[in-house]
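Both of the next two complexes hold chain A, though its partner changes from chain B to chain C.
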Partner chain A sequence: MGQDVQLSNVGMCFDEFWAVRNVDMHIEAGEFFSFLGPSGCGKTTLLRLISGFLDPSEGVISINGQDMRGIGPNKRHTAMIFQNLALFPLMSVAHNIGFGLEIKRVPKLEREKRVDELLELVDLPGVGDKKVEDLSGGQKQRVAIARALAVEPSVLMLDEPLSALDLKLRHHMRAELRKIQRRTKVTFIYITHDQGEAFTMSDRLAVMSDGKIEQLGYPDAIYNNPATPFVASFVGETNTFHGSLSEIKDSSAIIDTPTGPLHCRNPQNLGQGTDSIAFVRPETISFMNGAQADNSLPCTIDTWSFEGAFITIQLKTGDGKPLTMRISNRGADLNLEPGKDVHVAFSADNALLLPKEASHA
Partner chain B sequence: MISSKKVLKIITGSYLFLFFGYLFLPLIFMGIVAFNSSSLPQVSPWEGFTWHWFHELSQDSRMWDALTNSLIVGVSVVCISVPIGLAAALLLTRLQLKSRDLLYALFVSPILTPGIILGISTFLFWDRAFAVMGGLWTAIVAQSTFISAYCMLLIMSRIQRFDRTQEEAAFDLGASHQQVFFKVTLPFLKPALFSSVALAFMQSFENYNTTLFAIGFEQTLPIYIGTKLRQFISPAMNALAVIFIVLTILGALIYEYRRMMERRKEAERKKQAKALKKAMAVQPVPAMQGA
Partner chain C sequence: MRKVWNQAKHEFGPIGLAYVLIAVSVWMLVMVVAPQLIMLDFSLHPLLFPDEIGGPKDVWTLQNYEILFSNRLHMIIFLKTIWSSLLVTVFALVICYPISYYIAKVARGASVGWLMVGLIIPYWINELLRLFAWQIILADSGILNQAMLWIGIISEPLNFRAGNGAVILGMAYAYVLFMVFPLYNALESLDRNQVDAARDLGASWFRIHRRIVIPHAKPGIAIGCIMTFMLGAGTIAAPQLLGSPSSFWFTELIYTNFETANWNLGAAYATILALLCLVFMAIMLAVFRVSLKELSR
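Now for the complex of A and B:
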């Protein structure tokens, strides 16, 4: 069964460089939690702190309420799946999986039984006596998972384990990992720079940048209500309009941009005159269909690309600003031609206003 | 007309013939001498086939003493040099010391130092510092200075191919530092350790110059041969050479045979594994499979 992980004001400093700063958060027992962020944002450092390969420069990490200071990786109820898997090449598959049990002096017969069960769990029955190098990428992946689960960890950490697989296999393994997590109820802490992975697998996730947590929440909340400009632009695609907030109406606000005034949603209640950015997702922009819209912009079509289920159109606004919109393909001929003048619209609800200077409260 | 291909073949053939002749003719001549009953080491005149020189060699008690000494020194050098080489290799590949390059130069320097100097300095050091006379011990120490450096280089080249996350993985799975070393690191280094044992023994066994100046009044086999050749020439020495040549060739043949068998086994295993991979390939996933 999974255990919870509490990070209290955790920081990690390497030679005056703070790789992780002020991380204060709680991961629930049995949760599938992801850290999402670009490379170098400190997520791997955070994982190594939780698994015990590093000691935090400040703050405390507790697992199941127990302070982990001074407890090495070999004494924690955690297991890690490394980015390169780190399987033991000289041992057979079964020996790899049984390694942790061998260390724990589990009798041979019981060990063999357990290994067989784990091979069953990861859908690899009967390959126990094979050599690691004889397995395919996806099979090695499963062996690594089985090896980590063999020691019955309460917290399983995964460091971008799918990055080496091809696209199809990656999608398959996402579902597979989720299934294994539900079956074992172990707390999974997953690290990735791939938002698709983070969104499809996680119960909750944290977006990281520069060693700090930018936002923590449910996947839909992070996508629909990003809290900082970084999250808004890192997660998903978005169009940005820079401007100064000129007028506040009860639920919305108007900013003056070079493209013209825009009606926006103002969840952070920014005051008049604030330098702000409006974020508009491409899929929330549509062609004007005569009805009244909060924001409508005259544009020219620059290029467009047909992507099967949807069509991505690159536009230029009146002041020459590039704008991306994405519409789903309903089979109708849209008569798209480069150079054609069109009117596009989006609602104030879909234009999210955030302050230009991110405030890290 | 001779085709250019044929010319090339002739040239290559004669080159190889000359090359191998240059390598092996002296050995063959030397070998033949061991069976000539003439008391001077010569091929002609051929005075008749004999095993006499082998018999004489086997009666030579000083030869047996020297051989025993060589074996003692060889085994001792292995016991000292391989652990030191392993430790040095681990140290140099692991520690992120600023002085790493300096340490490396220090460890390797005995290889670049003339053997005579190693021998003399070891001899003098033990004599002056501890009043220990030259003998097998000083020979062992003197040889180990540079042989451990060879072992270090051999082991280092293997360590550099080692993926250290394997150690972290073992540690993460509950192993202690000792268990990580003995269950993960050492098995990976095993081939390099075997080669350094062989290399260390052979280097020690054939060493002449360092040993000569360090060993005092004792004798190892190469020193015995050297002394013997200076005193008087006997075909018994040729007999000794023949024995070593035969042993070397036998060793090489056994090694090659075992490697061949291993390669055959490996190929067979690879073939089976490939079939398995094919059979167990992941089935196509439905496009919209939910998590």
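Now for the complex of A and C:
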């Protein structure tokens, strides 16, 4: 069964460089939790802190309520799946999976039984005698999962485990991992820089940048209500309009941008005169259909690309700013032509206003 | 084989290939095979007066080899050489394994370079000079005795050079590098994550080394041991400079035989020494289950 992980003000400093700082969060027992962030933002460092390969420069990590200070990785109920898997090449598949049990001095017969069960669990029955090098990428992946699960960890950490696989296998393994997590109820801490992966697999996720947690929450909340400009632009595609907040009206606000005034949603209650950015997702923009809209912009069509279910259209606003919109393909002929003048619209609810300076409490 | 041949033809062209083949075979024949054969021939002939050569007594015989087994003293010296070389090998392995592991896997950045340089610098100096240095350190009125007298650990200077200890120490010192480099090379290629993975699965340091690091380093350990053993068994400088006059080594025995014009016995003993090294090599490869293919890794 999974255990919970508490990080209290955790920071990690490598000779004057803070790779992780002020991480204050809680991961529930049995949760599938992901860390999402660009390369070098400190994801692996955070994982190594939780598994005990690094000692935090400050703060405390507790697992299942127990302070982990001074407890080495070999004494923690955690298991890690390394970015490069780190299978033992000189051992057979069965020996790889049984390694942790061998260390725990589980008798041979029982060990073999467990290894067979695990091979069953990861859908690889009968490959126990093979050499690691004779397996395919996806099979190695599963062996690594089985090896980590063999020691019955309470917390399983996965460091971008799917990044080396091809697209199809990656999609397949996502579902597999999720299934295994549901079956074993182990707490999964998953690292990725692929937002699709983070969104489809996780119960909750944290977006990281520069060693800090930018936002933590449910996937839909993070996508629909990004809390910082970083999250808004890192997660999903978005259009940005820079401007100064000129007028506040109830729950909405108006900013003056070079493109013109825009009606926006103002969840952080920014005050008048704040330098701010409005974020508008491409899929929330539509062509004007005569009805009244909060924001409407005259544009010209630049290019478009047909993606089957969607059509992505690149536009230019009146002041020459590029704008991306995405509409679903309903089969009707849209009469798209480069250079054609159109009017596009989006509601104030879909224009999210955030302060230009990242507002950290 | 055919593939190698085709590739070589492609690489060098027909004339180049002919040159390479001729050069390699001439080299092998003149520099490697011929001297060995001449030595072997010497060893299989009895020691004769010049006028007896070519006469009826000049036949092939194993009598030179038999001397080793009939002469008790020679046998003792031979066994001592094996024993000491083994000791040197084990000693070098025990010292070099942690050093190599540290340089290859623990140290980071510039300190790796400094450690390497520190290991190599003593080898810029000729082996004889290094042994003379040890002679100075270990002499009755040498630095070590002086220091220990001054501290007060001893009241009389110790004669370090009485037994074989000084020779073994000198040999171990002379050949550590031949152990460090193969080990370092083998350990270098070990993925750090494998060590971490084993630790993550609960393994202690001892288990990690026994199950992960040492198996990975096997070819390096085998090569290092073979080199150290061969160099140890074959050295004459260390026993001559650091050994006491009363202790005699197998290489010194061979040397003396050549010096006293008994080339036949000297050649036989030299062949025995070469065979010993081959046997040791075969044993090492078998013990570490390393194939010759793995050695070239």
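Some points to look at:
One rule holds in what follows: the second predicted complex is superposed on the first by the 361 of 361 C-alpha atoms of A that agree within 3 Å, B and C clash if a C-alpha of one lies under 4 Å from a C-alpha of the other, contacts with A are read in each partner's own complex, and residues count from 1 in each chain.
Following the convention adopted for this analysis, a residue touches a chain if its C-beta (ideal position, glycine included) is under 8 Å from a C-beta of that chain, and two chains touch if they have at least 3 such contacts.
Computed from a predicted structure; not experimentally measured.
Because the two structures share chain A, they can be overlaid on it, and in that overlay chain B clashes with chain C.
Of the two partners chain B and chain C, more chain A residues are in touch with B. In the superposition on chain A, A:Ala79 contacts both chain B and chain C.
When both complexes are overlaid on chain A, the residue A:Phe241 reaches neither chain B nor chain C. Applying the stated contact rule after C-alpha superposition, one finds that A:Ser51 touches each of chain B and chain C. Residue contacts after overlaying the shared chain place A:Phe35 against neither chain B nor chain C.
Residue contacts after overlaying the shared chain place A:Thr200 against chain B, while chain C stays out of touching range.
Of the two partner chains, chain B is the only one touched by A:Arg178; chain C is not. Once the two complexes are laid over each other on the shared chain, residue contacts for A:Gly138 go to chain B alone; chain C is not touched.
Among 3-11, 75-83 or 147-155, the region of chain C with C-alpha atoms clashing against chain B is 75-83. Overlaid on A, the two complexes show chain B and chain C touching the same residues of chain A, namely 51, 53, 72-75, 78-80, 82, 84, 86-88, 90, 99-100, 103-104, 147-148, 150-151. Within the complex formed with chain A, the residues of chain B that make contact are 163, 165-166, 168-176, 179, 183-184, 187-188, 269-270, 273-274, 276-277, 280-282, 284-285, 289-291. Of all the residues in chain A, the ones that touch chain C in their complex are 51, 53, 72-75, 78-80, 82-84, 86-88, 90, 99-100, 103-104, 147-148, 150-151.
Chain A contributes residues 51, 53, 72-75, 78-80, 82, 84, 86-90, 99-100, 103-104, 124, 127, 130-131, 134-136, 138-139, 147-148, 150-151, 168-169, 171-172, 174-175, 178, 200-201 to its touches with chain B in the complex. For chain C in complex with chain A, the residues that touch the partner chain are 191, 193-194, 196-204, 207, 211-212, 215-216.
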